[in-house]
Amino acid sequence: MNATFYTRREWIALAVLAALILIVFPATMDVFRLNLVGKYLTYAFVAAGLVLCWGHGGILSLGQGIFFGLGGYCMAMFLKLEASSPENTAIQSTPGIPDFMDWNQVTELPFWWIPFKSFPFTLAAVVLVPVIFAYIIGAAMFKRRVGGVYFAIITQAIAAILTILIIGQQGYTGGVNGITDLRTLLGWDIRTDSAKFILYFVNAALLIVVLLLGQAVRVSKFGRLLIAMRDKEDRVRFSGYSVADFKIFIFCLAAAFSAIGGAMFTLQVGFMSPSFVGIVPSIEMVIFAAVGGRLSLFGAVYGALIVNWAKTSFSESFPELWLFAMGGLFIAVVMAFPNGLAGLFRSHVEPLLAKLTRKSPSPPAPDATPAEAVKLAAE
Amino acid sequence: MSDDTPRKSPIATRRQVLAGISALPFMGMLGGKVNAADYPTAEVNTTGLAVTDDKVTVGILHSVTGTMAISETGSVQAEKLAIKQINDMGGVLGRQIDFIQEDGASDWPTFAEKAKKLLVQDKVASVMGCWTSASRKAVLPVFEQYNGMLYYPTFYEGLEESPNVIYTGQEATQQIIAGIDWVAQNKGAKSFYLLGSDYIWPRTSNKIARKHIDKLGLEVVGEEYYPLGHTQFNSVINKIKLRKPDVIYAIIVGGSNVAFYKQLKAAGIDMTKEKPLLLTISVTEDEILGIGGENIVGAYACMKYFQSLPNDNNAEFVTAFKEMWGEEIVIGDVTQAAYLGPWLWKMAVEKAGSFDIDKVREASPGIEFTKAPEGYVRIHENHHLWSKTRVGHALDDGQYEVVFETEDLVEPDPFPEGYQ
Amino acid sequence: MQQANPASTPRDFLLSVEGLTVSFDGFKAVNDLSFYVDENEIRVIIGPNGAGKTTVLDLICGRTTATEGSIRFRDKELTRMREHEIVHAGVGRKFQNPSIYEDLTVFENLELSFPRGRGVFGALAFKRDKQVIDRVEEIAEMIFLRDQLKTEAAILSHGQKQWLEIGMLLIQSPELLMLDEPVAGMSVSERVKTAELLHQIIKDHSVIVIEHDMKFVQDIAHRVTVMHQGKVLSEGSMDHVQHDPKVIEVYLGH
Amino acid sequence: MIGDYTLVEFSSILAMQGFAGLILFSVFVLMALGLAIIFGQMGVINMAHGEFMILGAYVTWLCSHFVTAYVPALFPVYFFVAMALAFLVSGALGMLVEWAMIRHLYKRPLDTLLATWGLSLILQQLYRSVFGAREVGVSLPDWMMGSIALTDIIEVPINGIFVMVLTMLISLGVFILMFRSAWGRRVRAVVQNRAMAGAVGINTKKVDRVTFGLGCGVAGVAGSAFTMIGSTGPTAGQLYIVDTFLVVVFGGAASLIGTIASAFTISQAQSTMEFFMSGSMAKVLTLLTVVGILMLRPEGLFTLKMRR
């Protein structure tokens, strides 16, 4: 007798999601759109982390962009070094270093860039650098019981500091432009359509893995403890748990998710810039989670997809109305449906489905569910 | 979409605009109307761009939302004006220009996404767009990969020479060297205080300025950078007072400008006394709108275009611009440079007799635009423009009075030897 | 979890509080307080509002840090330990208002308090095995909630919530239970059942109870400590304190 | 640094720098006071605080236009009217927002953060649609823009003095309102125990609304004053938000005195550092120090140790 990893409903939801992003999207979209969806899905990593950390754990971080950015920068550093071979950069005064360093009279690769010549190191750093950073922040704050609003504001300030630092140290970081013009990964040109296609699948598969991981945490005793902590932190503490350790862990986990998203972003989009580290994207990522449903991992994916899809198409036609729509969405999601799409789905669509299933013995076509969800959001 | 009707024009109705424009002497500029039938689509468009028998689509890619909308609005307006004028003259190779406008939303990744959309989905024949270096850097790989053509209007730091970009603004040396020479010769400036917002353009520009100041045997007494959006400049103003430079060389951008000049004035530095003298390369008439003319009167700006430029081309341009966008509007350097984009593209297309990007690129160097509001420009082999550099003296009505202009066109030199 | 090693502390008090003082900005909520609790004793602390009763429990369980004094539990100095370590040492605490996880079921509430997998990775690896289920069911039986295991805790009655919280303490098998007003808001029949429960509990636990209900106190108390203005006013059997003139003075007033 | 200068010069600069710090301090207090009222007293995180400030700035701009066009004679003093109007307009919008949105969210402070962020997006776009994407220049009476020369080097900007005096007056006003008036007692009663305050006949809803309105109104006045030293554009409000929140949190959220003390500390630290290093680094170091201290002392500088 084990805690069930997934209920049947969740298995269906996972299957539907996997079918959607692994089969339906690639089958129906051209590479350009698919690449866009791939970009949106990288935000879903962040949103999934936020579902765990904010929805379940009650820890609202307004600095998830930090981790997304750090992960992305780690990957970008590796790609940039590869793109800056002495042959490619022969016109520079110092060939062999990234172009922006050369523009800033940096004549030698800074020591902390050197390890990023190694791909295994980079892969490790993508996850570890943000996690260590998250650990430091988390340990300092949670051990001292900083929580709620204070935590949100401090993470926001850290995001602001990091942005200023990255922009200010442009000789080492590429400054406000970010690290651009990334070309190959271990000799494989990531700019081609076929590469984008493959990267999309890598990204989608990683997302599924992350969701499975997240789900594993969610259904474990850890997951129940998170909810317990959110409701009655003291009770958990006096049941013999070190609340700080749990918070640090979930914060680090969310950071790791974000970082993977960031690295995949860099690979798919071809650059990384400090505009991801700042406050605005960090808050936007919270809204992805909120729209999807702050308690639902799958909802987070739909949230990221739908908000971004809406942003893209809405801003193509009515760029000026987009901010009204986005602002309205924030307010509506908070005031009218705090459990987001997942909540709406549960309260409106599922009873409907249940009715349908009762009428006809055969189960409904699985892809009816997300389609409903999408329709629901589009309305 | 296609919102080419003026949004902020309480005065001009559409008909008046058309009337005003058709009265312009642009008509005969390139020898009358071109018939589209002489240029069959199959021949002028071999790469599948959005060109039909009577229409060609271009993209406009600027921020209309977010923090950069403040600056980029003028560029959008100028590009729409140019497109309208070209269409009224009969279009390009007999085809009317249609445009798709995308919002970069002051966010670099969005610029990249939209650029890709314009090139891959909409197959636009060219893109007028971007403002900040960061947005250009973000879209550059996209343009190079999908072989698009970008007309980039902003004065910028140089260090770039892409086959897929025509830089219609000045690169840093064009803008900087003439100005520093001028203050050194005419104002007897010996010492400089370099000040800028903290990102690549001010830093690179100051680097070039510093090298040039060194070359002239003059002195830099301070160099400072503040984060974008910074609003408190009292400390640096104190430092300036302490060091007593002859020239404050300011490259502050965005909202910080307003704060800086207001605080400078409030601190008792009267720029009209020219002690110290203030020379900027970042404040166009657009920025003065926010700063307030009375707060910057007496400052000098060094760039290639001022609204007050006394020549016939400019008079026509300013009139047309105001008719389309309203009497209140001001026109800054970048706005004028943005206006050049569609024209330069049209001329390159017509020289090449084709919309194909490769042919347009081949045709571009050497193209002259004699009707440019700034006077005369020519595209250099390196895709930048030969242009004159001018020094303007800020008046209290928010305009500049042109007090100096280089005799010859200044050669663009994006990778200046000895300045790196 | 059972760290007790009776051999090392032969016939000692289970809990010794000595010279305990805590001040909030000069106000001494607990002032030089000392008392001792034996094994398997039910100790009731009574006293008027603001006497510092709850603060004493807060101090013992580490929620508040003492300004001075010592709290020894077995051979451990609690004042220097963090909350969860104190719990691990064998002290359980029930709050004044029922503090349970409303979003979870009764079963899950109890399961979360089961003393295994208390570390981060332990919690991740935790399996709901037979041992857990048996123990949860056993405790549920004790706290009269055997039939409500699958119920969401939010919809329990107030009294049932109190029991659930006591159950959550019991499943930790602490040596010392501290209950802050366990019968507050309970019906008469629930009170009787609770008293019954407490008597069952002390078979292998010591208990400190804060309570106002004198009838209930009389029912359960071995010894009573009366607090007033952060100090012990009187201590002894119920009978003793009831007749202590100082107590009468404070309680019945002037 | 002293080497090249005479003692007189150096000491003058020190004095000026001290004064610059004081101006920065006043600016911080002005920015943070409205937020401190809302956040400290009500626990609501108003991410649209900057937009309320900019509303005040736009009101001032409209006033300056109106006055120049119709009653140019009053131009030298219009600013005072503009500030009063800014207070009223921002305050009214604040009360409207409280009624429509905030009052439903008192139990979910983190959600007020998201909702007010949404509000800030809407307001930004609203400003852009109404006033245009470009910045607007608020013209100010000449007497406000000059400086008083005390010695050859020491020059005191008048707008700096103006901001300082204004800050003092507003702080004083808020203090009297909060700590000496019957209304302030009601606010504090509601903060401390909402249910009890309601039970003794305080109209808690009204208190909430007025408090929120007051905070927004003060933000409006701040925005109005900032037209003297900063820019007025649709997105200018965002420039202030991080600084403002840090000042409030650093001061210990529930304490107005703390807010003022923290504004003083941060401003002095920043302006001192700005003198010795580049502005960017000074900013980073200041923020880092503040965050560092907050990590060590999360309750902020000035909070009473509370009995739970």
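Just a few scattered comments:
Lettered A, B, C and D in written order, each chain numbered from 1.
By definition in this document, a residue touches a chain if its C-beta (ideal position, glycine included) is under 8 Å from a C-beta of that chain, and two chains touch if they have at least 3 such contacts.
Because the structure is predicted, anything quoted here is derived from the model rather than measured.
Path length between subunit B and subunit C in the touching-chain graph (shortest route): 2. Compared with subunit D, the chain whose C-alpha mean position is the greatest distance off is C. Inter-chain contacts peak for the pair B-D, counting C-beta pairs in contact.
Look at where the CA atoms of subunit B average out and do the same for subunit D: the two points lie 36 Å apart. Chain centres here are Cα means. That of subunit A falls 44 Å from that of subunit C.
Spacing of subunit A relative to subunit D, judged by their CA centroids, is 34 angstrom.
Residue positions 64-65, 198, 225, 227 of subunit B are each in touch with at least two other chains.
Contact of a single residue of subunit A with at least two other chains is seen at positions 164, 167-168, 320, 323.
Looking at subunit C, one finds that residues 63 touch two or more other chains. By the touch rule above, subunit B contacts subunit A in their complex via residues 1, 64-65, 101-103, 105, 107-109, 112-113, 116-117, 120-121, 132-134, 137-138, 140-141, 145, 157, 159, 198-200, 203-204, 207, 225, 227-228, 415, 420. Across the complex, subunit A is touched by residues 39, 43, 45, 101, 104-105, 108-111, 113-115, 117-126, 128-129, 241-242, 245-246, 249, 253, 280-281, 283-284, 287-288, 290-291, 294-296, 298 of subunit D. Taken together, the subunit C residues at the contact with subunit A in this complex read 61, 63, 82-84, 87-88, 92-93, 95, 99-104, 108, 111-113, 115, 117-120, 123-130, 133, 165, 168, 172. The touching residues of subunit A, counted against subunit C in their complex, run 1-3, 216-217, 220-222, 224-225, 227-228, 231-232, 234-243, 245-246, 249.
Those residues of subunit A that touch subunit D in the shared complex are 60, 62, 140-141, 144-146, 148-150, 152-154, 156-158, 160-161, 164-165, 167-168, 279, 283, 286-287, 290, 320-321, 323-324, 326-331, 333-335, 338.
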